[in-house]
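Structures incoming, each one as structure tokens.
In what follows, subunit A forms one complex with subunit B and a second complex with subunit C.
And then the complex of A and B:
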């Protein structure tokens, strides 16, 4: 390509994709490969087991012990908690993923300046990293569900409701990744201690979204917040797709088509605003000079 | 009829940058005006904290300016970032960036994707750059196992993947040993020679590196450009006249230094012994004459006069000030002192 004004190279196609979509798809695939190399490269199998198997099972045991002490432990509540705990493995990974990817690249690998200075947007790069983290967390979710089956959780006769599963799973995953990229856009504007913020948000969402107890346990106004979270309906949708029991309270009484609508609308709203908020956050970090410097130093 | 003007590789006007710090605003850049033509290797020379890196960050779209505007080959670095990023690349020295778990080839392949290269083309370029930098044998080595020099070669290999029109080099040889630094400088020169118009903006505080590599240099301090020009032009700022050292075996007794001083274009003549100490010169064995001239062409008359008087010429050398002397005159202190005061 000769060097002359107006002859700057354009975007190369990526399969059938052209323009910005090709760039985004290429970046997403490259960052997903990177995330797989980072997240899947466990030097010690014992650490892998501790993180992916022992940790979620330990939390499940803790919640079941608390319910047992409270005298509310039965197969229905075990099923309720097992699915909530299983799905939340994915939720927390996807919520924290984009922030951790950005902060890792800035503070630990110190590559963010070189990635930011490519034609790729940090948005697909963060999404790709987050999706792989969520997928690996999916393994933990399966372990927790498997433990639930061993504990006698009443699964649906004839297997999962595949149609509902296919409808709910991608929508819910999209919604948490969307919230995750908003968090990433906020945290990249902050200094090194921003690591803790997505975890705080994740823990709060865990309490709000009906993962381990019915929404009626929450104070009235907080119930409205919980009902507005697509994650709440994602977890409930997965319960309906997998379990034969009905969830207690408003979670169980919501018709499935309305549940799907709430999940779809919530996800759509998140994706209407999330990319913009992310880009605004990156622009603000660029303005402050936080994109390429190690803020701990 | 409108005249078409080719855009500069870099055109910056009034670039300023203020950082908000706990102790109050800190001005990193204060009204930088810069024009770099395509094909130039332009150096920005200054001590730590002078604003060199901030300037590169703004031009490479990593940072927004507080004031002013800048363009790369006519593309605005604030509003046309996606297009700017297709034609530029960046290498910073002294950092330990990289994904330690990836191999050299994996990391380069990933960046080839980020640069928008189709997979096969990207891998072909990766392998070509590995060969070009002589690091094929470490292609499957993890980044975490690389030496500083190998990491920097990898960094350069990455920066060449997208065939940039302009390469921003921020202290690229810092921390490298002499051999690795020379390799890097040679590769940068080769990169420019491969295609006319490729431009390099290099920041450094190594005087010799700037002097050796750069077509033009800007000396910056406290966020301002104090002077810019070719190395020769900058040196002329501290020594406006040409100074030659002429060594002769001895000056004949009949020869007078005043006869040399009277020649057209000669401004001054001083004689020194071979050990450099002042001497009358006349009658002494092995004399070195420091001759100040209005212009180089006046040297011919001096040589003719010396030869006609029977003196035997042993050496002729042009004496030039160093960039260090230029820096001291402009900044008021040496670059090492500047670094110490900045760091301290």
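And then the complex of A and C:
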């Protein structure tokens, strides 16, 4: 269609979406497909499956072996660790995903300058990449939970609490992706070791969120920080939905309604702030010329 | 053919080329030594010039160590296991260096274009790999010491080393075996293409489990015994635990002397295999032109 002066072509609709929303959705889907090609298509399916199975199971085995030092394990303790370890697979992938996607595009594939030159925003692109990484990690999480079942972990009688699961799963995922894109906006401005910051955050969160041990083991002041993390509430919510038991200590005393409310409010706050911080970070990176550089890191 | 060389001039030229390209054994050794030092230099000195590298090299192991210590404390285990965890974390800093700074190094060097420079320079890949190993090990020593001191200060761990010489010997043999394996890994990572990063990931937690790093290798049963024969981490940590934390000596699967011999044998065997693999990738890389050059 020829473009005449004064009549810019409109954005093609995307399903029921129109205008900027359609453009963002199209970018998100395209980036998700690209992420699958990069993350899930790097090897034959059998090797990919082996990779997705071996590492999380090794993690789980490592923690169970350590726990076993303290004497024979009961299934409740195994269940606590299994769910925490499974969920953290997703947390880690979603936290590190946006930064690694941006840095991969800048340093490795050297395409970020071309993506930036398109009318699409980098925000849906980063979210799409992050969601696919989280989905692939979700497969590992299922494997870990399956291993837990084989080890005799008592899952909730009558199956998972679907209502709680449907409420908790997307809220937690959104909160983690939100934090991930903030990290992406920050790390794209860094010169050295930009790859390492999200991993450092992820490792710190792992230590704090009660994934493998109760918060009460942490030193006093650190417990309060740990109890204020949405990721802590997410893991606890999923434990309740899948195991029908609460964690020992302070988290266990929190009613499920309050847990859900806290998670919802936390996620809303993160999403009020995260896109703005991401855009600020990308704008600054563009002004300083950071989108176009290669640090060879 | 205005540039042709004939007669006495040709003979002199042939003689000169022969002199310049046929090195005596002494000259070859000197050249290899200089190459090793040159490659080790940035690993030791260069790394110290970038504080952020030191920071991240310490943060990740210390965070991992804290997780394991809190996990142990949640079960109320003997404090000797916390001392063992700190020791294991210090040893793991060498293993991480072996996986990423040895194994993945040539893969990264190819992506950054340096590998072609190595190949075109009059230096063997063996000398470069040895330089990477020596420099890497020296660079990690300070990190391992800081991790141990941090662990002792944070968690009040106590060690009773009756024979410091034996402890140093075990540590040295363990590090040598690991870096010797690293030379093999550098070729394997290079051949594995874009699976290299994933391969590196697989060499972390699964190997920590198989190597009995945090829990005794004895608890792994037959798999643990096999690991003891092929994975340097396993005999190294098992021997270190027996020497530095005597309360846990009963968890050792073999006597320290035997584990020391296993580590020395691993150093020799992995060294020979690594040398052969390097020669293979150099040959294949030169012939095919793809293995050593960046894809784009």
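The definition used in the following text is that the second predicted complex is superposed on the first by the 275 of 297 C-alpha atoms of A that agree within 3 Å, B and C clash if a C-alpha of one lies under 4 Å from a C-alpha of the other, contacts with A are read in each partner's own complex, and residues count from 1 in each chain.
Throughout what follows, a residue touches a chain if its C-beta (ideal position, glycine included) is under 8 Å from a C-beta of that chain, and two chains touch if they have at least 3 such contacts.
These figures come from a predicted structure and were not determined experimentally.
Visitor: Between subunit B (first) and subunit C (second), which, if any, makes contact with A:250: first, second, both or neither?
Guide: A:250 contacts neither subunit B nor subunit C.
Visitor: Between subunit B (first) and subunit C (second), which, if any, makes contact with A:12: first, second, both or neither?
Guide: first
Visitor: After superposition on the shared chain, which partner residues are touched by A:268: those of subunit B (first), subunit C (second), both, or neither?
Guide: neither
Visitor: Just subunit B (first), just subunit C (second), both, or neither: which does A:63 touch?
Guide: The answer is second: A:63 touches subunit C but not subunit B.
Visitor: Can A:117 be said to touch subunit B (first), subunit C (second), both, or neither?
Guide: So A:117 only meets subunit B here.
Visitor: Could you say whether A:33 touches subunit B, subunit C, both of them, or neither, answering first, second, both or neither?
Guide: The answer is first: A:33 touches subunit B but not subunit C.
Visitor: Under the stated touch criterion, which partner chain does A:155 make contact with: subunit B (first), subunit C (second), both, or neither?
Guide: In the superposition, A:155 touches no partner, neither subunit B nor subunit C.
Visitor: After the superposition on A, what does A:54 contact: first (subunit B), second (subunit C), both or neither?
Guide: After superposition on chain A, A:54 lies in contact with subunit C alone.
Visitor: Is it subunit B or subunit C that touches the larger share of residues in subunit A?
Guide: The partner that reaches more residues of subunit A in the superposed model: B.
Visitor: For subunit A, which residues are in contact with subunit C within the complex?
Guide: It comes out as residues 42-43, 47, 51, 54-55, 58-59, 61-63, 65-71, 108, 192-193, 196, 199-200, 203-204, 206-207, 212-214, 217-218, 296.
Visitor: How about subunit A: which of its residues touch subunit B in the complex?
Guide: The contact residues of subunit A facing subunit B are 1-6, 8-14, 22-23, 26-27, 29-31, 33-34, 37-38, 41, 109-111, 113-120, 125, 286-289, 291-292.
Visitor: For a test of understanding, state which residues of subunit B touch subunit A in their complex under the given definition.
Guide: 6-7, 19-20, 38, 57, 60-64, 73-75, 82-83, 85-90, 92, 95-102, 106, 110-111, 113-118, 158, 162-163, 165, 195-198
Visitor: Quick one: in the complex, what on subunit C touches subunit A?
Guide: Touch residues, subunit C against subunit A: 50, 52-53, 56, 59-60, 63-64, 66-68, 70-77, 81, 111-112, 194-195, 198, 201-202, 204-206, 208-209, 214-216, 219-220.
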